[in-house]
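Below, subunit A partners subunit B and then partners subunit C, in two separate complexes.
Presenting the complex of A and B:
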């Protein structure tokens, strides 16, 4: 197999996060049927024809192909891991499939720190995250909790 | 059919769904599957591709990105349910809990249960809500993840 050009997440520590902190928006898209097909391959799941066949989607009363909710959530989860850096370990993640993402839609991934706190000796960062489309509509609201180590040696 | 079935019958049906679903199923975490998923979701962290990079970050081996849970969701568990009412089933939301990372070469056993099922009355009529829970445990008995999926039937 060809070697994949990898990108290591940045080095960040618990002290690097504070309440209200906004993360840089990551934009994916335009989303295409190919993204959905690739996801279907990774999940080995081709059951829902409306996810990749426009004719079937319309016949079922949908406006067109709808990209999978867990695919969009997985983009958001991946953005969270990038924002929090290479030392973060995800503890929880939550997402809602509130609005559809269709071929040629954009997906803007947003995140903001809700709180950074210590509990039972663990350093935790809780954040809210969400996807908006090109019309500014929130399609996928979510949240995440991650554990991070303190910066070695202390200080910021 | 939708108009004929009573709320009481629907509630009885939904209550009957609660409990284990199928038998536990075990799957091997394969490198090709990890690579394919990481590329599908655009996660280019080297821990998903390179063993040395993963070990340097403190992992036992190449790490599966958490969305790989969906491969096992679709290939190891029953995820469609029969509803005696409504026209469409919508995948509403997911709640993930993460514990021990899944590593290439691990054997993951998935167990499924319906943990909640109820009928609500929304603005557009009857709304069934079914919550299923999948637990992913590795060959050492360590819990890797719990995935709670909520389906809506309307």
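Presenting the complex of A and C:
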């Protein structure tokens, strides 16, 4: 029987999170034009030649080809779902495309709990998240809010 | 400010909301596969109907941001977005912000995505149809390092089914420069 590797997020509960908690850094890259082309194919969106044509990118005053902001945001969103575990229900997500990610750049995905709190009977975890490149520059700052269940039976 | 791109015609677009538009195909397993592979996130909730992960949602679901990118070119759309009409300087950008909204009449060529703000309600399942309606929430001008920039803030609501079950609300900022 063929064994399929599944990658479901870990099982985590509201009690597993506390303010200031740092998540393991997830590294993607080096990013390549191929990552961008694969994303364009997945979205069936081939507009904006500057995402894969150096000539057009420079003609538009960009430093060169830059990877799609929504692609980088989607990586960050995926990291959030991994960090918060399989029971988390995403409520909100925010990102800002502040700096370019260019071919051969690394993308280090960071996250930290800003608050873990209860409101109107809901258990919520708010976190800040961001992507840095190999020079430590923040290219994509963001934040997220998710609702989590309490651990069955209580306790940590 | 040297040039004011926020003309009356541009201002008139603020608040304009489109009708609901339906994506040309329902959520298909292979489209979801291409999407989660692009994200490098092979969570079984996206593809394995037999997994507890998918069972939690009543079957495989699409990744959280999928609906935003589900409005592909319909098969009956003759106009090719890469149709350069012989122009060697064509940059491949149609500058159509959303299918249901008119273009913003601003003579700036570069378009960048400034970021997203998502509010999640539910995930689309395989076979469900995705609908979207969009609105220009705001259009403003700022001076950037390379000249004027026009920021276009678009609000999108995504839903599915005849009952319009909410999927996602998105606010995105496009930067033209």
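Just so it is clear, the second predicted complex is superposed on the first by the 151 of 156 C-alpha atoms of A that agree within 3 Å, B and C clash if a C-alpha of one lies under 4 Å from a C-alpha of the other, contacts with A are read in each partner's own complex, and residues count from 1 in each chain.
As a working rule, contacts are C-beta pairs under 8 Å (C-beta built on N, C-alpha and C of every residue); 3 or more make two chains touch, one makes a residue touch a chain.
This is a predicted model, so every value here is computed, not measured.
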Query raised in the report: Once subunit A from each complex is brought into register, does subunit C clash with subunit B or fit beside it?
Result: clash
Query raised in the report: When the two structures are overlaid on chain A, which partner does A:8 contact: first (subunit B), second (subunit C), both, or neither?
Result: both
Query raised in the report: Is A:64 touching the first partner subunit B, the second partner subunit C, both, or neither of them?
Result: neither
Query raised in the report: Counting only touches as set out at the top, which of subunit B and subunit C does A:56 meet: first, second, both, neither?
Result: second
Query raised in the report: Between subunit B (first) and subunit C (second), which, if any, makes contact with A:24: first, second, both or neither?
Result: neither
Report task. Look at A:45 in the shared chain and tell me whether it touches subunit B only, subunit C only, both, or neither; answer first, second, both or neither. Result -> both
Query raised in the report: For subunit A, what residues appear in both contact lists, the one with subunit B and the one with subunit C?
Result: 4-9, 28, 35, 38-39, 41-45, 47, 69-71, 73-75, 77-78, 81, 86, 89-97
Report summary line: Per the touch rule, the subunit C residues reaching subunit A in their complex are 31, 34-35, 37-45, 48, 51, 53, 63-65, 68-69, 72-73, 81-82, 89-94, 109-120, 146, 177
Query - Residue ranges of subunit B touching subunit A (in the complex, touch as defined) - result: 33, 35-46, 48-50, 53, 57, 65-68, 70-71, 73-75, 80, 90-98
Query raised in the report: Can you name the residues of subunit A that touch subunit C in the complex?
Result: 4-9, 28, 35, 38-39, 41-50, 53, 56, 59-62, 68-71, 73-75, 77-78, 81, 86, 89-97
Query raised in the report: In the complex of these two chains, what residues of subunit A are touching subunit B?
Result: 1, 3-9, 28, 35, 38-39, 41-45, 47, 69-71, 73-75, 77-78, 81, 86, 89-97
